[in-house]
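Pasting a structure below so you can have a look.
In this document, chain identifiers A, B, C and D correspond to the written order of the chains, with residue numbering beginning at 1 in each.
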Amino acid sequence: MALNSPLHGVVPPVCTPLDGDGSVDTASLTRLVEHLVDGGVHGLFALGSTSEVAYLTDAQRRTALETVVRVAAGRVPVLAGAIDTTTARVVEHARAAAESGADALVATAPFYTRTHPVEIAGHFRRIRSAVDLPLFAYDIPVSVHSKLPAALVRGLAEDGTLAGLKDSSGDEGGLRRLIVELGGAAARTAAREAAGAAGSPGFSILTGAELTVDAALLAGADGVVPGIGNVDPAAYVRIYDAARAGEWALAAKEQERLVALFSLVDVGPEPDMGRSSSALGAFKAALQLLGVIACRDTAFPQVQLSDDSVEQVAERLRAAGLTPLR
Amino acid sequence: MALNSPLHGVVPPVCTPLDGDGSVDTASLTRLVEHLVDGGVHGLFALGSTSEVAYLTDAQRRTALETVVRVAAGRVPVLAGAIDTTTARVVEHARAAAESGADALVATAPFYTRTHPVEIAGHFRRIRSAVDLPLFAYDIPVSVHSKLPAALVRGLAEDGTLAGLKDSSGDEGGLRRLIVELGGAAARTAAREAAGAAGSPGFSILTGAELTVDAALLAGADGVVPGIGNVDPAAYVRIYDAARAGEWALAAKEQERLVALFSLVDVGPEPDMGRSSSALGAFKAALQLLGVIACRDTAFPQVQLSDDSVEQVAERLRAAGLTPLR
Amino acid sequence: MALNSPLHGVVPPVCTPLDGDGSVDTASLTRLVEHLVDGGVHGLFALGSTSEVAYLTDAQRRTALETVVRVAAGRVPVLAGAIDTTTARVVEHARAAAESGADALVATAPFYTRTHPVEIAGHFRRIRSAVDLPLFAYDIPVSVHSKLPAALVRGLAEDGTLAGLKDSSGDEGGLRRLIVELGGAAARTAAREAAGAAGSPGFSILTGAELTVDAALLAGADGVVPGIGNVDPAAYVRIYDAARAGEWALAAKEQERLVALFSLVDVGPEPDMGRSSSALGAFKAALQLLGVIACRDTAFPQVQLSDDSVEQVAERLRAAGLTPLR
Amino acid sequence: MALNSPLHGVVPPVCTPLDGDGSVDTASLTRLVEHLVDGGVHGLFALGSTSEVAYLTDAQRRTALETVVRVAAGRVPVLAGAIDTTTARVVEHARAAAESGADALVATAPFYTRTHPVEIAGHFRRIRSAVDLPLFAYDIPVSVHSKLPAALVRGLAEDGTLAGLKDSSGDEGGLRRLIVELGGAAARTAAREAAGAAGSPGFSILTGAELTVDAALLAGADGVVPGIGNVDPAAYVRIYDAARAGEWALAAKEQERLVALFSLVDVGPEPDMGRSSSALGAFKAALQLLGVIACRDTAFPQVQLSDDSVEQVAERLRAAGLTPLR
């Protein structure tokens, strides 16, 4: 499907369920996509960091993306991460994603190597010209170890290279400055509505800051890419709807509930476990407990949550009014 | 004056005007304090980072703080930074600040040395027990190079060591989690009102994220410490009042105007000038242009803004509806 | 060829010459390998950071490695980088490298994702068990953004997972501690000679610190992987030979000459150019000036050196007694 | 005493013994200085990081420095750290140090605030002009969070602002480049001898990299500032003497013994203890075990080593042939 208006709303980064031997579990992934679409989300982001893209082989990436596209079946657009170190490698992923039916692409700045804004600009321009799909810049310094400069993003927005920004930088002040430079919250909302009517793509700002979505929407962001939206997509949709209705106190109340639920990422880390692994493991454990996916394993070499930790995840679900199957 | 309710509202970090030979210009500082109090601020933070505390000798710190206290004259409470590398040195500053009439103290974790949460807890406890004034923890990793762990802050809030947190960490998600753990926005607002009536100090959360104050207030922060609040204090008061009234769209609109004004920090850096110097220099240049202070010099060895840059500051002021005297 | 003694000596990271459209220039690469072998190097490291591995597609990696293996023709062993974000992807590169005839593999810890020592250990163990070639750990925090803990390396050395370490961490004190824990310089030298006679692989420590090779050899390192060894391999061989002969003042003098030559990486960066690009560009410019490779282009999106910068590279070559062809 | 030749040799950063209530124990400090001078050291560095300068009040700094100067009694020169956030504060410490009889000053770049090379140059120039003592730049990014640029150091060396550099940056490659730019190891040694004869101060490079002193001397450094030199000063003197005699294998052997001894810093950290505290605590525990100082306490808020850890320190001392009194 075409992104015929600026992408907005709740666009969860879709977890990639694995079976016990580490293969992509397409049956579980099918249920997860249905769970998300049923929750009312506005789009799906496959092959993002929360999808464990960095752990998936090219074949696994293809399997995961094709499954998401097939199950989404045009009900919502599917964004696909094209995540690799530099341009030529990213372009190969981008072509594969286009072949698999993605509606848009998401790419970071070069990583592993040190880079420079001029190089980053060239990087995005070449990806955009190589594959004819809307392109989102993915600003995630915790993985890429550089921050996309605001002036660079603005330039690439204005010249049409970028269709949007997925901001996982945590720099809310910088994001606010960008939004103001792009016209401000009110003007952007009006433009989004007009653009949507006209079928024009516009420029979309999606925040990855899943604990402050109400704030980001107040500031003028178009949507959110929440990892824990895998677990409770409908709650993020409620925040989004409240925000669009100007019901900010309600949006904040819903956000607080999700902040509390988010504490399930703290059940780890086990003593011998990385922080990232424990968060992904907790999301997957929650999805397993809710009956959405069959196996909670994260990809090797991540360490798995202990049963005790999973029991704590179950408690956090119950505290948030979600009912584990066991 | 006693902090007889949780500190809230707009508490600018008061710039320290200097004359041409680097001495504290108490006449300008007097005018600046009047400018802030006239703007409706709820408190004053002397000897913070924006006050150039790191550049001031002990004698200059005393002069600056005594001036602020004298001019404030009990109309608003005065917080004083006690900024130094470790506990014994901080305690000496804290005692001096108490003698100078500060109403509360603000201290960071140890810096220059590497530290540990257990040490940080001991540090704050000893400061609190050494000087009988409400104590705020100042979380400013850009200067201190460690982040205050949320669990540490919560523990020190609950045992009464800390009267509040001044959060300049930029970690809005972490701050949201802390607020939710402390009861959430609605409960905190209710408690603040009850505590104020009872004269109880409570626990106060002030954000230093001056570009997203509307968002922080929506999330449940009690107030803000905005550097550019030196230039336009009344605008921050308008955000605060709008937020308290639940007028979030209005708060956001005021915030956007201040985001635009904030761009005056970008007039530098000159080619041979640090980013921090240029921001402080721009604040002071704006205050000089508005007739509040006599000289825009920042403390040695900071490089001074060029006349061209100052002219750009003047343009930004005009664009924001503030009228330079020249 | 088998690595039938601990790998030692000068093992340059082989640059990957490209032609004007960005394809691997196998004719130039052939000349470069001959240039290195003629210089007396003891091994070749293909597909490392200096080889621009992060910029090469899988097909380009294969072409480059096969060329190096073919031209080396068993005269010296060929190590191949298997550089990717996590285990499953690295294993695919490792298998491809084995098929291409590599004699040993070089892999980093996981990157892009955050990781943990337990995960890193599992990562190396799985790579080792998946592909039956000697495995070197590549410690390069500037790219990977984590440092391999010494205890981890020692454990993986002792259990036979690792055949060696390529240390580009810059932590010379940490490296010294590791060497002492592994027996110290004198004992390691004796063991290396004994192991070599016995055909036993041993554990090899190669430093990437090309400006302090004399020091590393004095400390007990087995060899060096010098980027600028592409330009003047014989000089590094002279350092190595002097060190083995106990002629430390001579080794230091040769090192100083190479330190001076290394300043050619400073001819950039051009105003709009990254530091990494300018160093790689300078190496390639020097190789082109010396007639070894046909085209000095670095891979997209790196910015190319200006002609002025290349002229400065030529001057540095002349100052070091190397004669540019033009 | 005047620094009448470039400072060279072993210049330990003198620990500051404290008694049980945290006061400077001048009797223990007297014994420590005698221990160091007896060990043959060539200078003493008081009020450095290892001296816990960041933890000492101004009065304590004065007591410690005056004690070191008095006990040294002109037998070796005394360098004094003037450690504070920015210029005006550093100048006050520098004046106090001059009054206390220091022979030279050691200062870092500004910290807590962000800074810029132009500001750092102004900072050192003003300190130098304010207090007429030789000035050493202290490059310690782990504390100051910026690295002194080599070009800046070279410029300040050439214009006579700096008498030397105390390099604790860990960037051995950068140090090597600086040394080569300053003429190289052989030329510097010749110049040092000539300058010493002429009473000219020259420019002195001291490394803080205490685990690779042999390497630094081979590279052309003039001396070393080793923390663990407090414990075994004579061993560092043996390295220095071996290096000056060209006995590099002997120097390396002595260095290896000290690397092994240095592992006493690993007895901690205790679970609730910072890494820095445990290293300082281990140095002090060793000094107490050797009968040099009375109490091993480090300054508040550092956590103290457990008795178990101290027993491990004793074992490491015995393993190195040093005999604890108990």
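To be clear about the criterion, a residue touches a chain if its C-beta (ideal position, glycine included) is under 8 Å from a C-beta of that chain, and two chains touch if they have at least 3 such contacts.
From a predicted model like this one, the values you see are computed outputs, not experimental measurements.
J.: Give me the step distance from chain B to chain D, shortest route via touching chains only.
T.: Minimum step count, chain B to chain D: 1.
J.: So which chain is the furthest away from chain A, centre to centre on CA atoms?
T.: D
J.: For chain A and chain B, what's the span in angstrom between their mean Cα positions?
T.: 35
J.: Averaged over CA atoms, how far is the centre of chain A from the centre of chain D? Could you give it in whole Å?
T.: Those two chain centres are 50 Å apart.
J.: Show me, using the given definition of touch, all chain pairs that touch one another.
T.: A-B, A-C, B-D, C-D
J.: Provide the residue numbers of chain C that touch chain A in the complex, in ascending order.
T.: Contact set of chain C toward chain A: 22, 49, 54-58, 60, 83, 85-89, 92, 110-120, 122-123, 126, 142-145, 269, 272-277, 299-303.
J.: Could you pull out which chain C residues touch chain D in their complex?
T.: Contacts found on chain C: 170-173, 176-177, 180, 184-186, 209-212, 214-216, 218-220, 246, 248-249, 252-253, 255-256, 259-260, 262-263.
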